[in-house]
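These are the structures, in structure tokens.
Paired with subunit B in one complex and with subunit C in the other, subunit A is shared by the two complexes that follow.
Up next, the complex of A and B:
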């Protein structure tokens, strides 16, 4: 009898887990295996027939290593990535939190419109949204930033912000563009978490004498702890791997290639970019990125106590 | 400690009038129960006093100080909720200390006060735990401690005991009453459990649909309800209502079906003044004598006949549902008799305890002539 129940449970388990497992296998595990494999081949220009069966060991990794240590462009990629991820992450998390809190304290009717506004960058197709910033930061006088700054008399000639103001020009642009996309994620998560805090808790804090500020620091933020951890880890990992917006900005010349290229974009450009395409090297760079992401993810999970978030089941069932 | 006075207070949420033109005064040190059905505006009234809501119109005074526009933190009230509303991320100590911390009370003094109030509520041994590690009764003590630690001018309790089991509820409520009297604190206690209100309160305010129906001593509310709502809300089971005609002759009597009900002198005079043709007769389930045989009826007493509809043995007595014509009434009978469905019974009504109401306004007749 006991055995019977056990086996049904197993079948049920399988049925529930199978779709997710297939998806992970198809879109995650197999590509990873292929990528790792390719990183050990001298694959270039998609010449699969010629290179797929040639194993060159760690050659690509050695090349990557010497590029990073010797080639200023590759070294700049690392620097770009560190600055981009760190600052954009801070903007995403703190900005999202700030917006969620602002929404929480203002009138519900106003805040709905306000939230939709912030979701626009995420809802807009990447190319359209990129085009918006293209015109905003454009290096000639048609650029909105230039025309505003000139009409205010701050500058005399138009400035190519992403090409001339080095390195903070291109950095600021990719941080701003990606930052605007990212804040809405934190905002939505934090806002819904704030809304689910029992009303009585907030009333109790008010009656206990808490001002908006005290309420925020003593009650709301501590209660958002898990959401903060989640958003931080999630955004960290997605910022490490995102490149779509940056790709367009670089291609359109809004941002300098040297100072706008992050690791993820470097992987993409190496594999698919103009000129000679070096998939072997790109695969090695991708593998390093995945390992880095995994380590950083693991560190945040450890450092911030994420494992406690996966709560024990309530009761023994 | 202060007295609390509400003057013509109205609170609207959009089109919903949650609290409607309420005049209410709670005296210094008084324990007032606020009793009413769900959605009647009890919590809203408390939140108005606490300053969470601003009245749409009207004024609120603590003693002679107009607090209508003061935020909660300038009112110094303690508030206890049905679901405790303890801060889940703070230990019990920090929960209780929170209002003092906000007020920037020195650390040493906070410690002293927290231990003092924890001792009072016998939760000293729990100070190091998180709310999630406490039982419902313990959480409620912590919530009360947090409300008391700031030595509030007014203590507001919003159904604080309704999440506790019946036994615990009775013990905590007597403790609460003792505490309130010892501290001499002005308290308003919201409940929809009328037994709790009767047991605890100095006075009871009954509210329905945002309107205060009656404010009186518990026994007055019980024995002389101002209107049919109050009579029908208080008591378990509540007051019975039977429509009756009035016959004016050398005396005045009521006609229920084929039966006559004699009235006490007080009501005869009132009826002669009001000249009503119809009234609603109200009587409580325990104020009738249930007789199975017409021969047992005392001569000259008022008897209404009916038929037993259901029989519910309750241990100490039997609760009978009796049909009088089309109307159902509930009465208590001693368990010494055997009753069964369909039996004819005679309900002998204690004339001193019967109440008469105006069917149009539902107001008790004695209150009609007073005003």
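Up next, the complex of A and C:
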């Protein structure tokens, strides 16, 4: 009997999926297992031969816990993360919404220029983007912020904003630097969602004499409900785990290590930083981060309904 | 006939206020990028907004390509080599991402199998997975598998950083390219299959040409991801790239600041070029980044 020619051939399917499967296995699944395993070993300074087969149980977790409760630097990491994630999240969601709405109401040719400009930080090499803000917040008189503040007569001599103004100096810097990157995510999603709203709805409201403000609060924002939830969730998880930009700011001394280091960066610096590298402790902190992210993700996913959340915004991008 | 937009009376005054507001919010970005580029052509940094600091010169660029960090210093840096290294990583990442996602994306879009939608959801979850929790183990595997021969190890570090960095981009790229495959009419594929072509041939000869814009999109995103990367390159790669060159020369006593501005501008150039060329593509599909 002849086989249905449209039915999927198992061998061909496997060929198509094999490369992706190998990548996921080698760079996601196995590393996740190893990270959990390493968090139970005393691994330090990448001495694999010496420590990989030694199991110390929950020792790393106990150490992490006692560091957070007793060590002021480690405790500050928790505080930095909470402040950083909460404020940057608000900026990214509300700023993204504001930018999308403003661009929606202005001439398309002008708005294309703006929207491209705001995407630039996301695409800029991390080292160059860091360099821009390094000059901006520089503690000497070549720093842009210092020269502006001095010419306005607000300060008499240059200030190292991320080192001297504690804790809001370093906090503001990491929030601003990451906020300019993160805000474009919401902007793109909200803007394309706004553009896909049927014109008739907007025109009908206009004919009824609705102002921009009325139109925004009564029609546009209610229609963006799902997108708002999607962007908030996604940005929450991103901010919890982002560290590349902040890594440079700390390494270059733009912000103080104590007040600029968030949890994700703490994990990275503990494993790869200068001085003694403690992979066991870093892995334990990473596992906590994953569990925390998973719980937060799970709560929002349950609250929204997973399928609705992943299909709805996708269709509009 | 009356056009729909004739009805919509926009207030010109409000539009101008909005443009002004967005412009003011954009000012730090415009100044930051503008003054970096300007400083690379000046003997002193112009980031202090003082026009008298701007004294035009191209010495920074000459010093940069001669590989000298300062006018006097003896330290030599092979910036051309670093640029090539950066390009190798970026092109490698783009190649791996395109090959893997174009294959998997086709299967996800066009082949019916059990657990397909579950796999798509898992892929999205992988994209959200904290990279910092992976990199410790990914580096551990790297250390454990590193060849002892130094030349071989250098090549291995290039290959490893390319595949490891590509792995981060692949989940989102599969999603993006699947969307492009979804839009190709089924009839096109049916016709080819009825003619007796295998799925592999249909994929290569019929489907791939139809999703060229999608391939361009994921290739550009992957290239830029490889090009902009700092963390993976500094962790895995033995050789230097532009990112690690800039990273290690900030705060170095003898480093000459306008020269670093030139290095930054050089490093920024391809990004800006891609930006101008593919503006529309970027605005429509650029939300794949994992950054905050």
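The rule is short, and it goes like this: the second predicted complex is superposed on the first by the 275 of 317 C-alpha atoms of A that agree within 3 Å, B and C clash if a C-alpha of one lies under 4 Å from a C-alpha of the other, contacts with A are read in each partner's own complex, and residues count from 1 in each chain.
Definition applied: a residue touches a chain if its C-beta (ideal position, glycine included) is under 8 Å from a C-beta of that chain, and two chains touch if they have at least 3 such contacts.
Owing to the predicted nature of the structure, the values given are computational and were not obtained by experimental measurement.
**Student:** Is A:35 touching the first partner subunit B, the second partner subunit C, both, or neither of them?
**Tutor:** Only subunit C; A:35 stays clear of subunit B.
**Student:** Comparing subunit C with subunit B, which touches more residues belonging to subunit A?
**Tutor:** Of subunit B and subunit C, the partner in contact with more residues of subunit A is C.
**Student:** Does subunit B (first) or subunit C (second) touch A:167, or do both, or does neither?
**Tutor:** neither
**Student:** State whether A:218 touches subunit B only (first), subunit C only (second), both chains, or neither.
**Tutor:** first
**Student:** Check whether A:203 is in contact with subunit B, with subunit C, with both or with neither, and answer first, second, both or neither.
**Tutor:** After superposition on chain A, A:203 lies in contact with both partners, subunit B and subunit C.
**Student:** Following superposition on chain A, which residues of subunit A contact subunit B and also contact subunit C?
**Tutor:** 200, 203, 206-207
**Student:** For subunit B, which residues are in contact with subunit A within the complex?
**Tutor:** Contact set of subunit B toward subunit A: 47, 50-52, 71-73, 77-79, 81, 83, 85, 87-89, 98-99, 102-103, 146, 150.
**Student:** In their complex, what parts of subunit A are in touch with subunit B?
**Tutor:** It comes out as residues 198, 200-201, 203-211, 214, 218-219, 222-223, 225.
**Student:** In their complex, what parts of subunit A are in touch with subunit C?
**Tutor:** 5-6, 8-9, 12-13, 15-17, 19-20, 23-24, 26-28, 30-35, 38, 46, 48, 88, 92, 99, 102-103, 105-107, 110, 112, 114-128, 131-136, 138, 141-144, 146-148, 151, 178, 180-182, 184-185, 188-189, 192, 199-200, 202-203, 206-207, 212, 234-235, 237-245, 247-248, 251-253, 264, 267-268, 271-272, 279, 282-283, 286-287, 289-290, 293, 297, 306, 310, 314, 317
**Student:** Please give the residue numbers of subunit C that touch subunit A in the complex, ascending.
**Tutor:** On the subunit C side, the touching residues are 4-5, 7-11, 14-15, 18-19, 21-23, 25-26, 28-33, 35-36, 39, 44-45, 47-50, 99-101, 103-104, 106-107, 111-113, 121, 124, 126, 128-141, 143-144, 163-164, 166-168, 170, 174-175, 179, 190, 193-194, 198-200, 203, 224, 227-231, 235, 242-244, 246-247, 250-251, 257, 260-261, 264, 267-268, 271, 274-275, 279, 282-287, 289-292.
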